[in-house]
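Got a structure for you, written out below as structure tokens; questions coming shortly.
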């Protein structure tokens, strides 16, 4: 029992810290890209502002509008949060430092990530707000549409690695000497990143939030700590999907040429660096792109990404069998 | 010779622009567009219409400014007093004494008509801008406060011919 | 501009050109025909604006007209031609007791909102208008604000500070004043 | 009643159920008056069927300040203060037609130098207005960064306007017969006629170069972006005929392919002395409306640079009586403002103030086309189309 609690605590701590690092990166990165200093006043030249942010949201009144479906409304943030945290359980930070080295690690991750859809949809539905409803429906449509290319892109990796365990996938990459992104999965990696960005609901796929038309989408009616949970899980989701992407495609906790025997020491650092680089690319994309329209977004998923990922699987399979 | 120039997708150029701007912000050699306001003050143009200063001595309470004000935000009251003659045996002169000169900045539209119409050079523009209040009633500046702004009136600047 | 004015003058007798503005006065019964004519014959396809003037001798705000006028509404439209910059002001007069005129929406679609504005501001009825309702003012607002008889409350409730005058000297006599002046 | 379980009916039943569309109830969606994407307090009551917009009813009046009524109780110099505030994004441009109208009625000839200063500042106001549009429009289609670049570059232009007029948004700088003789500041020079401040030419040249660079940056950052093109091309197409009938003017009309620019077509300011292009769009869609404005910014910067080089010397004020009384008469003066045709119809009765002042604003006519354009659009397109019209609520409601 204690072991489980420690594991859950470890998981939550890593995920929360990752989310906080990504928040700092997003906010500070955004402000620098926009020629402004960004948060300045909370300690260390403003770099620990997420703590102040958290304190602020915790203090705020948790307003629940009268017309809402109360239990559903109250529990919706929890779904989103839990799905994010649980996702990290299978991500290895080194061969031994992994909460659960499952046989079907990839399968578990993808199954858990679709749980968040329910949270978003219930949040939108229960808010008794037209903007929230539209945001929730858009989010549901988008998350379901992009779940497919996300899974299909991973299938290529699974075929190449011949295992579904994430540790196994990383070990295979170490064995190969190059990460999968170089070793034939470049298209799969791009598809995975696009689909992951859509799963995170970040620009250019932030139609569900779409603040210029839907104010804040499914989060419109949330305030106080419940809003904070949505806010944090957005960054948590970003952190974890980036971590999974770097595990699957970029060689995880290992970089070529470094001695494999010390991987337990530098593993977490390497993984975090790779995750942060991917995160920074997402930040740069977020602050430079406009957003897609709802129908264009669906077209991209169904007409481009899914066929492309199917072709990718086919090519990978043929290569695997043929050579 | 035909040079081949591959077409870079527009979204990549966009990412390049934001990253270049990020480096500009971080580099100490580029000017910063921002002013960290409460700690640094912004430099305003000397002509900026910030607040109206009043030279109490020059005012003769002729009411021209109050009459021309589009918003009716200037309130003047005054009376005349007899002054002792300047040289013995001369006539007693009357002098206007200002009892009240209030400008209600909550109403003022900062058009500057009062400054322009003043025939005795009693009103001036000052670029000072820090006089917001929590209470709307405090935006009514009386003649002492208006006189206090006088020392913030800048000297004349150079002109372009 | 002169050339265009001469052309206008051939068709409309009551046309004037003053201060670089061509104005034609028409009877309110010819309102629709005039605009149709101007749009089709003179190619004035650009509908700039429509508004009204309330001519009244009794005014509660501002200055009354210097010369006495007969109380009426003057309705004005401004039409222009984008290519040649011909511009014309069409004006007509209607009685105040029964202010109504035919709507121009059929001819110029843009007249819709301008007519609604004139309707709420002056109380002029535009016949055959698709939805003649208030544009700016809230529901339940009474009165037509642009009428000259409509008081401007802000000027009513507050006295003019310019009226306060410097009190005269107690001992001052008339002769002194004239000497000073 | 068809029995679905009857094997004979299965075929026909499944076909029928595919072809029948689901009947859904329309939802009324209020967009505004407090909404992140409306420029001010415009309220749109939209009937939506899912993402599709059916019937849009704009509700105005949240910002109605009754300037036409207020003008009746004010004198001509006092009205200059008011008209600044109609379209506050380009405050300086609003003064020009009004002052020109009063001057025309009084038959005053304005000195050349004053006209040039007016022209320079008008073009600067146009640039700053288009900067706001550029930033805000990108924000509306979801790009969050361009508005910060736009504001940074606009600040340079606003600083120049402030250094001359003393006001950033409400310059109140034009006087009947010229420009402001004593622009505030300085106890020693208060009564002197004040000219442009020292260093103005140099700073203007720098700022205008930056404007041209900024326009280029916008073309790369927003205009070249594939997502932006997808969002705006062939969205909200406005034909020239419809635009004319509704009285739509300015960049929107030019984007529809009509080469109409009052700067060349009328003589309210000496634009004929300078060389510049009038950008014209082809399709009349949102992208063209955006593109025309960016190009116009560059042209305005070119005009300012030329005007700085050919600045005549001389007085800033014509001789005018101390108490301004405008003779009896009426005139209509229009000008090409950043948002379109702005005009004042002044009916003077020979008094201190006008008997009636009709303000024709560009945005009012421009947004009257909204219900027409939004019919059948998607909800995200609603925002894209509305933003491309570039209106300011002060300009709509007056």
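Side notes on the structure shown:
In order of appearance the chains are A, B, C and D, and numbering begins at 1 in each one.
Definition applied: a residue touches a chain if its C-beta (ideal position, glycine included) is under 8 Å from a C-beta of that chain, and two chains touch if they have at least 3 such contacts.
As the structure is a computational prediction, the values presented were derived from the model and not from experiment.
If you compare B-D with B-C, the chain pair joined by more contacting C-beta pairs is B-D.
Comparing chain C-alpha centroids with the centroid of the full set of protein C-alpha atoms picks out D as the closest.
In whole angstrom, the spacing between the mean C-alpha positions of subunit B and subunit D is 27.
Subunit B and subunit C have Cα centroids lying 37 Å from one another. Distance between subunit A and subunit B, defined via averaged C-alpha coordinates, is recorded as 52 Å.
Subunit A and subunit C have Cα centroids separated by 63 Å. Residues of subunit B in contact with at least two other chains: 11, 14, 17-18, 21, 33.
Residues of subunit D in contact with at least two other chains: 145, 149, 152, 221-222, 225, 227-228. Contact of a single residue of subunit A with at least two other chains is seen at positions 33-36, 287-289. An unclassified topology is adopted by the chain contact network, corresponding to no line, ring, star or complete arrangement. Contact between chains, per the stated criterion, is found for A-B, A-D, B-C, B-D, C-D.
Taken in their complex, subunit A has these residues touching subunit B: 29, 31-37, 40, 284-285, 287-289.
Touching subunit D in their complex are the following residues of subunit B: 9-11, 13-14, 17-18, 21, 33, 44-49, 68, 70, 109-113, 115-116, 121, 124-127, 153-161.
Of all residues in subunit A, only 30, 33-36, 130, 134, 203-204, 206-207, 210-213, 215, 286-296 touch subunit D in the complex they form. Subunit B contributes residues 61-63, 66-67, 69, 72-80, 82, 94, 96 to its touches with subunit C in the complex.
The residues of subunit B lying in touch with subunit A in their complex are 11, 14-15, 17-19, 21-22, 24-26, 32-34, 36.
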